[in-house]
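By letter and in written order, the chains are A, B and C; residue numbering begins at 1 in each of them.
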Amino acid sequence: MKTPFFALLIVFLSVPVARGATSPISEETGACLKCHRSTDPGIVADWERSRMARVTPRVARSMIVQKRRVSFEQVPQKLARVGVGCAECHTLNPEKHQDTFEHNGFQIHVVVTPEDCATCHPVEVGQYGKNLMSHAYGNLKNNSVYHGLVNTVTGIQSFEDTKMILGDPDEETLADSCFYCHGTVVEVKGMETRETTKGKMSFPVLSGWPNQGVGRINPDGSKGSCAACHTRHQFSIEMARKPSTCSECHKGPDVPAYNVYKVSKHGNIYSAMGKSKTWNFKAVPWTVGKDFAAPTCATCHVSLVVSEKRQVIAERTHQMNDRISWRILGLIYAHAHPKSPDTTIIRNKAGLPLPTELTGEPVAKYLIDAKEQEKRRKAMNRVCLSCHSRGWVDGQFARFENTIKTTNEMTLTATNILLSAWEKGAARGLAQKDSIFNEAIEKKWVEQWLFYANSTRYASAMIGADYGAFANGRWYMSKNIQEMMDWLGFKLKEMR
Amino acid sequence: MKTPFFALLIVFLSVPVARGATSPISEETGACLKCHRSTDPGIVADWERSRMARVTPRVARSMIVQKRRVSFEQVPQKLARVGVGCAECHTLNPEKHQDTFEHNGFQIHVVVTPEDCATCHPVEVGQYGKNLMSHAYGNLKNNSVYHGLVNTVTGIQSFEDTKMILGDPDEETLADSCFYCHGTVVEVKGMETRETTKGKMSFPVLSGWPNQGVGRINPDGSKGSCAACHTRHQFSIEMARKPSTCSECHKGPDVPAYNVYKVSKHGNIYSAMGKSKTWNFKAVPWTVGKDFAAPTCATCHVSLVVSEKRQVIAERTHQMNDRISWRILGLIYAHAHPKSPDTTIIRNKAGLPLPTELTGEPVAKYLIDAKEQEKRRKAMNRVCLSCHSRGWVDGQFARFENTIKTTNEMTLTATNILLSAWEKGAARGLAQKDSIFNEAIEKKWVEQWLFYANSTRYASAMIGADYGAFANGRWYMSKNIQEMMDWLGFKLKEMR
Amino acid sequence: MKTPFFALLIVFLSVPVARGATSPISEETGACLKCHRSTDPGIVADWERSRMARVTPRVARSMIVQKRRVSFEQVPQKLARVGVGCAECHTLNPEKHQDTFEHNGFQIHVVVTPEDCATCHPVEVGQYGKNLMSHAYGNLKNNSVYHGLVNTVTGIQSFEDTKMILGDPDEETLADSCFYCHGTVVEVKGMETRETTKGKMSFPVLSGWPNQGVGRINPDGSKGSCAACHTRHQFSIEMARKPSTCSECHKGPDVPAYNVYKVSKHGNIYSAMGKSKTWNFKAVPWTVGKDFAAPTCATCHVSLVVSEKRQVIAERTHQMNDRISWRILGLIYAHAHPKSPDTTIIRNKAGLPLPTELTGEPVAKYLIDAKEQEKRRKAMNRVCLSCHSRGWVDGQFARFENTIKTTNEMTLTATNILLSAWEKGAARGLAQKDSIFNEAIEKKWVEQWLFYANSTRYASAMIGADYGAFANGRWYMSKNIQEMMDWLGFKLKEMR
């Protein structure tokens, strides 16, 4: 079954498959479609456009390795020769799924999880488990410091007798804000009966639903949602490779990756030229120069990238951090990337679950060392070097690492003002066992690192200059420090 | 004239009509084009690409109902069999148009109005009259509270003897800011003679011109401008259906609908996949799954949406609010949608033209009741249910309505601080008959609801999470309250 | 060599040239490609898509004038008949290039400069020398006032003994922020030996590298980088004409041109319709109505625009300011455009290098006069008049000039508060020979003009209404003044 068969296959698969020209579908999926084609026309039409609907696992597996989009060694016999349809995913692993219920004679579940997807994509799901994102729920919820940040942001404040009272946030609010991206806990709260076009039927009622957060805790105990990036029900590699996908969670002032990308030279090339026919967002592997003329987020962080001679420039990874030396967002100081994706295990000298001390020293034990950083930087640099000379790349990275250093220094300055405020009693902090996020000066301090230092570092990493200058960058770091100083002066005066 | 004729028609109309292959144009339009093709090449070329130029009203009317883009029963005989060109619109209803003037033997007017468009599109114009947008001018200008907001924002402030003096805004400034979107009053101020390529000619001089605001007061007394969304001179349904059209007025911090859409899953699908050939923004009716894989603004709020089986999922509406239960923007508290598009008639207990009391209680008499809200929610839900299960949709709406409640609570807290400031004399408010928008703490209070509560609600409605968290969302609601508290403390100290 | 030859040529050139069907390349470029095709696959693939690779200078020159993209009278014989490849640019003018080095038998340089590009495009490079942008480095670095702004924004602040100490910024930080857009000084700092796939080789080490800023100081002494807009290595006119190119430097709060454009009617038409096949971003000349239905940045400011009858509507210009009457950004007050692109020569009455006094009066000697302003406005108006009537255009410009006046007034008010703060000792200013940018109230003053007045003017110029209202517009001008007043009150109280 070697070359001639492959040659044919390649010809067959490189022809765009017309809509409708699908693989055989299973009897079970046929049964689903009988009703759902009319009750959920949008879902079915979307799935019909998907590659899943048209290519059986067996055919997908038969491609040469560089072209494969599946990573299983074996799939159950009954899945191998049919297109991947409703039943194939929504009935997998029924015994593990707390949300399995009887539906017209089938044991189905609503929430398809990474563990379900691992049937055909085990390597990707395995890598994703090492990605910080898969732990995004616990890393926020079970970190006592961050839990406090969540509460002060989302709790309802009320003004009583000239005092402010902070209540605990409700579950809906949490699901609507932080945990939309970080992921909710999806559990079965009970069953409910609904009137449908086919009469009364029972369905599970789920907590934290809907949600497609990257760290979602699923009813089968697994973590994450592949649909966060591979949007249902096309699950398209094209969409996952486009930067708008990442913008869903990476566009706010706390994580302005997309904003910076858009004004970078790379983002400009993508915006101006990326719709041209010469760009191909579906090709596997993804060939630099031929398929694209500038990187998107996926190029540098995820995709299998090769040269026209099929030399591998970057391996596909859903771990993502294996080309990332530094963690530049979300924490008080930028620091070497944590070793474990579960960051709740970290403790600094003060006993806080933070990767640095409050004054910036890294907690080395939990972070990758300089050698590992160098290895990751080299892996990233290979991507850069496809289009840039060594001198260019070295200059860029020297500048970026300098920016990590200087933004940390500017954060330390803000921290020192805050420490002074705490010491002088102008605000209540750790020593008073008060929240470190609830007072005005504390909120200014948070903005120093969560918004401004962060934006400046992103701007440096991807070269989107104004995000390091006037667009939430150095201008604001510098102004914020002055305002913290003035606040402290006014407050001390008020206290006198 | 039944099936065979239609079959031909459909074939004819589904073939993209080549540029130039237009309907017969009227003699009058021919006369216009003789000069204007060379004096206004951009306008003429744009119009030539329009469907108006190529399809006569008679042919447009002959389509089956679901495919029709016109809603007249009859048009004047002379309009029926020619393409809709310059003369057809710019000479309509001359007696009603204060801006009619003699131009080379024709009685023409510059400003084409909804009443003119109603010749062929009476249903749409009728619906639009029930849309808040058609009253956008008066609802801002003739509401004493909002008029005050406009003045403090647009009036020139000067600093004299350590005091601030606020002047009234000039007309050009108003037209350049608030009334660009809300609409200006376009009136004839006189005539002026201009040198043209054809010698001296007279033209009317218009106040408030140019303007295409949604609530423009026209020289024929009608309200609005169809060109706000159906941009001249292609008047394209495609453009009106794309979200960038809405972004012209719905992108600022006061109404971040477009910003939220862009980072939502829907917006991402549109950005990543919407340029693909499988998407069709011109089809009437608009078929879910076939013509598009994710909604734009128009899908949920305006368009005639059907399933592949031609079942109507949503009727076309230019009223727009018939699927909207809540009004989430622009007012101090979110509240049930007002009954009348003219909101200047509303009076709360305090006698102010506001749909709630200052402390949030709705003024029920002027607002739709729970039953009407439920009806509208159901109409909207039908659109959602094309692609989402009932459990998903119910979860989403429960979350959204919880967010309406909590954002109102956070606004009440800010209001209570403001009331305290007024009471203690730290600021001058209603009791002192002073503007409630001119002092620093009042401006902070405005931002609490006009920016932050608002953004949080949009983020919840369309799921653009960070706009409910750090991007003008809950972070800012919470921080703003602390800053209002501190301001009050500092001010009271200063007064002592 | 007249008509028949041209007819053939036009046919030939209007057919999209397939990838690979290149002009003959020189032996030297062939030698480059031998290695670099595999070491830099992205660069080579990008260049292969460029017009430069496919059209020889001789053929480019042979087009009729309106279609020409080159402006030389003669090029060296050896360049005329080969495609413009690696060697053609990277070995030009070796004696002028401080960065020339020996590389496999060739004298090459890394940094291709406007002076190199002038070999084929002398007119454009000449015009660009009169553009403020070409002086962007010196205008920032060598202006004592602006130099101070840079230092307070980019210097590291530290908090010691309740005092703030400001250090000087380092070179990497400057290159990472302000000078990314303004341009760095690229000089050879020495040579370094690197291990390559071909063994050890020597390369120059450059300061300020990488950089593509518009005012870059090059190793051959020339100013600017054509690649800022004509991105390497396609150098595409299509990319330069698309607004995302300008967004790289014109999107922050200090210069929100792109943001405003995006929400303008023009920007909406571009976003919604600009990907349609009827738009042509490559055509030279660029025909209004036929090639595009709404202007991009380039249409109004740079490109050769004609009507379908080949009448010239706007001449191509890389000077850009020849259609700009006012300078609306970056300075304390909007003012008539400066005469010289080198603004360091300007001195106001107070001896400061500013085009106005601190209270707004223009320093007329260095600025264009009313007659020149009128001439430039007329040149710009010709573009507007392709699609708008005279009444529309006059109304628009009257509004814009009114906005220049009112925003200047609001800046004067902020300045008067600042002067009062200086006078009362609440802040230290010019009289105390202190920086005018380092204290909180000074930073608020900067935001009044650099962000808010600026945004309001852009919104007026391009009609992106909310940027003149709530999105960094009049709302913030008005609020900022109140906050400056309150700050002054609190500070004076603190001092007592």
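Please note the rule applied: contacts are C-beta pairs under 8 Å (C-beta built on N, C-alpha and C of every residue); 3 or more make two chains touch, one makes a residue touch a chain.
This one's a predicted model, so the numbers in the text were calculated from it and none came from an experiment.
For the two copies, chain B and chain C, the CA superposition rotation is 120 degrees, given to the nearest 5. Homomeric contact chain A/chain B: same residue numbering on both sides for under half of the interface positions.
Centre-to-centre, using mean CA coordinates, chain A is 34 Å away from chain B. Residue positions 275, 490, 493 of chain C each touch two or more of the other chains.
Contact residues of chain B toward chain C in the complex are 19, 38-46, 49, 110, 152-159, 162, 164, 170, 172-173, 175-178, 180-181, 194, 203-206, 209-210, 212, 231, 234, 236, 238-239, 242, 244-245, 247-249, 251-255, 275, 438-440, 443, 450-451, 487, 490-491, 493-494. The part of chain A that touches chain C in the complex is made up of residues 262-265, 267-269, 271-273, 275, 278, 288-290, 293, 307-309, 311, 385-392, 395-396, 398-400, 402-403, 406, 409-410, 412-413, 416-417, 420, 459-460, 463-471, 473-475, 478-479, 481-483, 485-486, 489-490, 493.
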